[in-house]
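Two complexes, one shared chain (chain A), two partners (chain B, chain C).
== the complex of A and B ==
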């Protein structure tokens, strides 16, 4: 056996082709990460790859150990200098650089395999950045190429690229059933599986907790989705769709701020009228506390908090896509009584600024509250105010500048100036920020609200009516509230594509794509512990516990394995022909006597062995072997032989 | 002719040869199978084991012409093939045929000759003809080379390279006789002294060769052959060549005929396997053929 075992099973020395396979697959894995890496990391990695490529032809170019150590230290220093925080981004850069350096010391099969596995890990890292369907699609080509590389190095005889790539794709496809079972049944733990470093959320966009001239119009350039809403029943009209976010009370120079949470105000009272509107929101992560809800929320998600001014807050910054249901009324009375503290807070303005506005406000002070509001709105309507995304930069007294000078502004200019003016006129007022409107996706019948729908409006307090919403933007540009921002700003400003109306076909395609994405979010990414139990309970018709899941998962995996082994077993065992079936019967008769043929023992040799033990039956035994061999191996088999064999075996009795 | 007629002929051949080479029926049958399959035979054994006697006896029993060439280190190709000599009488070169022009050539101690002489012989084995001075001379039919070599003593030898070993269809060794045969031999029965009767002739032998080729090989058996060949390719540094596979099939066919069957069964393959395969697998393990047979199941 020695010489049989001595043959190594894998090629010990790496061939140039094998190395090129490895480099190609690592290169592809790296390419999928380019946007997640500092540019110098990509360049350095590509350089190391090129170095290794050159070293294929000229092995003397391979760096020695000390040079490698030096390079590693240099790369580490580079990372330390260019990335401040050692979080997700820096870790990925480190992984990429070390993989590229590992390539420079890959000489043996062991290194090769290790580097290849690093490639798989690199692909897995894609999902730390984004879990969208596009990312999933992006991860497929490098996975196929890596698997193909793995296949290529295990092959004994070279095969064409197409053959190997097909085999790799087939292998990945074969893993789908097990993947699905694990996906559906593997017990989910509530919350994310591991703690992702802080820097992973820095790029998220959304409403801020303060308002400054210009920061909402900036947000409007962003067509990414803020949240999606599914209504139970009919979707309300566009002008009713005010999605309430943070409420800003405090004016401080140029900016408006939300009061800190422990301000100690009692919740405002809410009385509602009419039918409630029920809906479910899927909120994209924005790294803040706001849970946006339709004005005015009456039932909020169980894990959320309601602030005194009816903003809904999560208990922790929203860093993963979440789904919640709520109920709101569009006809309501909020905060019918105003206590002294609230009055002071809602009349506060910084002294010594915007003198012309304060002067105008004071001139309105003798009017009734409703008249004050009308006066301001009439001013917006009658004077040449323009609604634009690109307002001029405000001067030292921004409200004065806007109201009396430039008269060009976006919703935040109108809302902030209006509230400022009302406060100057002695009417309690505050700014509400959030989103207005949204776009109905006919495929799937849900509403898409984008960052470009961000909006700011005002609430003023009227005796007997409480906080009443006044949207000064509507006075200037009614289309903004009636139809949406795309109509309000048709040609004048550069809006993101998704908010425009110029390309209906493209837009339709993009809406279709979004409804697919929405399904992905709901069913793949949103498949959390609760949904899992809910889904499986529905499927089984029983109330399942988490411990049941493990049982189900094990069961399903065992089932798949049994099915696979049955299939393999069936494949490996060819169908027996008539003679073989008869011969098997004969062997069964001999089995009790411990007479079993070896796998390499032919019928004739076996017959000789049996005869030695059963000499008195020699004739029958030899005849059986002869007939069987004739049936199996000779050219002219007639049915007579089969019958003769049947008869012989039927009559054969070893005892 | 029916297979039974062939079987009685071959049986008579084996019986006649067994009276000279005592107790070596298996080796005689193997040699005969090799000749029936149209291949050349390499006998590897120590001196005095009866290598030459076996070759001589086979030629005699088969009724074939027999020549012997003793290979030495100063042997020249011309010593085997023949040489053209100028004849004054006809004023031209006249080809004088060498010992190779016969049915059975015994190339004794083939590994003592230089590679040049060896290759001259091996060329003739492959082509069944020789070319001297531009003139082609076909060799008599049938033409067999039975070569012998001494495996143990290597001083002053030129071992046959693998490529040339592959030209020999079979390699067998005789081994010591059993006690009974030894006794008979010592009593002066059998051995060189006996002069066996020819029970065959060149023409009949060619018919037998034709008949061996028509022994049926079923698909099932081809599966087994392929499994064996594939196993050597998977497990060893160098596996069996297609030529070796063909040889294996031909030998199994010849063996089936010796057994009186007109179809091949796995046992036939197993019987000839070690002799056909042993010298082609480059391994030091003399037991390799048995190991392979043990590991490959009959489909």
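== the complex of A and C ==
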């Protein structure tokens, strides 16, 4: 007796067409990644694809197991040699190479499906690198093609490309409503779940935690956006817009450092005057702790910490775009008393460096604090100091070099030299880094602060007044603080386009684009656990919990699925042709007379019945039936018949 | 062993709802459709979980978008797969008798009445080969289901499974149809070339009716199982309207008796098998033959009806 254990089904043998579908969709998924891959990985993957393609015609070209192992080892070695660490970039390369090698051994349906799923996964990985609107658009064609490939493999009879692609697009489109529900209502879990590779944030720029001559001017050449601010009420004047970042106390040779947070200083006291300024900031990820806030923050985001010197710090490095609200006062008194430890720290300078500056400082020691400040600022104002993005490289004693030789520098040169001089003169001083100014986007009514607005200024401690802001750059280039960097550096072509004033129309277009991008960032990319609860609570007018979200999500999905099913299962009405439409009009005219054709009654029989009731219109009635039948059933009818029928039915009046 | 009973196919098969044919037509109503993910569907789900975990870990809003779009696509695939199968009408029509060991061809009509085209609808009679067809909207598709036969006699049609994985192969939807149709399976002819003992029937030789013979070409008839291949008129058959055998007329010299008693030395099934072979041979030779079985006797003849009558009698003979 024959064994019946195996259940015979349709044997899945891969056809060349099916393989070509797979290659095309994987090729497209790979193409979207080209910019994220080392060039050799792209070339190798394309080569493996071409190899598999050649093997369709000539199956002997299929590599054997040993060759595949060898290739895998080679690719692994290549990755080891070309990528420094195993992070995001290396794992993408690995995934791409694995997919391409998998394609090379695809003989069975199982391999085929696995490769296809890897293709979908590859598309999902696209957003590790970029989440712009363009990348979003870029993800759609490969998704359609991959789905079309899945349809093609499910079909048992060949269908045209257009049919399959259309069906794939239709299925994806039908999936959008549930996708939107999930996107809005699926409880967002704050990440990360495990350690994130270091290079995942390699592209992020922002203020560092130290200051060296040259590093802010370098940042200034970057036009990317640091953060956006929406003010409640009027936007303060540009000269009040000092966005406070890290405060640097410790001078060490060329470097100024922010002392570690565990230094244990007591928080400085803050007394404020006037009306608070309320605002919401959307901060671009910069992989550091700073949450930039306007000088001086009085209410900080709930999850943030305030350092003793009024920098606002997040609990973890900012690696996703975040949005926070706060309140600041521009009129304030900070740290009215200075304890001994603070005094020592704010007078610290390394010994044996910058002798000329120290000498100058000592010569100012007999003056009152205000006079010391004025003396320094007067020096900046009266001597030929130049504010430039391209300062000469500083020598052995950088402060001496800048103050007495080159006299060319950017804000960090002025701030650092000023603080150094004040400390030498016995006045407690420190550097504050952050951003200054910003650009008002007229479309969105918000302020854009770019990396090019990065700035450094000084704070000196005065008896009875506390820490007072002094911006030595303003002494040299008042426009920098009054109008912004674009006005301060008219000649400088090193500034990025968006900070310059040469192309107003282009700039306007770019600002429009930025307000669209801002919406995208706020509502699509910035939609995280907090924003979700905030938005949905506002929408429902109730305080929602995550468990409520699950409940609403399920309910909404069921409703959408019911609606979708209704449309999917609704039987479409047969489409009427032109003659049938006309005939329907004619029947409508007869309906009031209770003349309705029976289900098995042809036009001619019906006409005979109508004529019996309306004998005086016999001619028209019979002509209508004749024309209608001719149009419906005759092979060769001319347009004249349709026109005649139109006219007859239009003129027909059953009374 | 009750615990092993659940491993048995027939044990759990009884719990499924099955569409019954009424006047030969079954409609797959929603309650009769079952659906489970295929292994590709499981693979797809694993891929989605990986995407979701990645999106959470890296806080990728657009990662969530891809994950949710594909999850929703999977959901849509389930609905569409179900929709592809539901409300189909199946008419199980008939199957011509075959010899045991041969594959019977069961003619069925699968039709859509919901104005939507169906794709990749597969049909399978339990352990037999599956066949797949597309069904145009509001159309009827003739589907021939192969059915392997083993034993002579009446073969009740095994449960018919209709299934589909269209459009994305992520879900497998199926429905069962039971039909009262039975297929007559003729006995498997023996391989033994021995001819029956010649006992020319003198009694019947007087019947001067014209028998189909070998002498003169007399026209065509539709090919019947059992016609000798040499009789097939390939030229006529190549027109694509079916197979034709040439018919010749001639005077049979005498009638052949195929007698149950001739096969005394054989076992019961072997006797039937041997007699089947003789019937086939006699029919192929256009001989007039009679059949003597323990329960009935067929007078010599060589018509088509006689031939099938003889084979039916052999198929249904009980020991």
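Methods note: the second predicted complex is superposed on the first by the 503 of 655 C-alpha atoms of A that agree within 3 Å, B and C clash if a C-alpha of one lies under 4 Å from a C-alpha of the other, contacts with A are read in each partner's own complex, and residues count from 1 in each chain.
Operating definition for what follows: contacts are C-beta pairs under 8 Å (C-beta built on N, C-alpha and C of every residue); 3 or more make two chains touch, one makes a residue touch a chain.
Computed from a predicted model, the values in this text were never measured in an experiment.
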Contacts for A:103 in the overlay, against chain B (first) and chain C (second): which applies, first, second, both or neither? neither
Please work out whether A:448 is in contact with chain B alone, chain C alone, both, or neither, and reply first, second, both or neither. neither
Contact breadth on chain A, by residue count: chain C or chain B: C
Which of the two partners, first being chain B and second being chain C, lies in contact with A:186: first, second, both, or neither? second
Quick one: classify A:525 as touching chain B (first), chain C (second), both or neither. second
Using the touch definition from the top, say if A:207 reaches chain B (first), chain C (second), both or neither. neither
Touch check for A:629: first (chain B), second (chain C), both, or neither? first
Is A:602 touching anything from chain B or chain C once the two structures are fitted on A? First, second, both or neither. first
Interface residues of chain A shared between complexes with chain B and chain C: 1-2, 4, 7, 156, 574
Chain B to chain A touching residues, read off their complex: 216-218, 220-221, 234-237, 261-267, 270, 283-285, 288, 291, 293-299
Residue set of chain A touching chain C in the complex reads 1-2, 4, 7-10, 113-114, 117, 120-121, 123-128, 131, 135-136, 139, 143, 147, 150-151, 153-157, 159, 167, 171-172, 174-179, 182-183, 186, 188-194, 196, 200, 319-320, 524-528, 561, 564-565, 568-569, 571-572, 574
Within the complex, which stretch of chain C touches chain A? 40, 43-44, 46-47, 50-51, 53-73, 75-77, 79-80, 83, 114-115, 119-120, 122, 124, 127-134, 150, 165-170
Under the stated contact criterion, what part of chain A meets chain B in this complex? 1-4, 7, 156, 574, 599-605, 629-630, 632-635
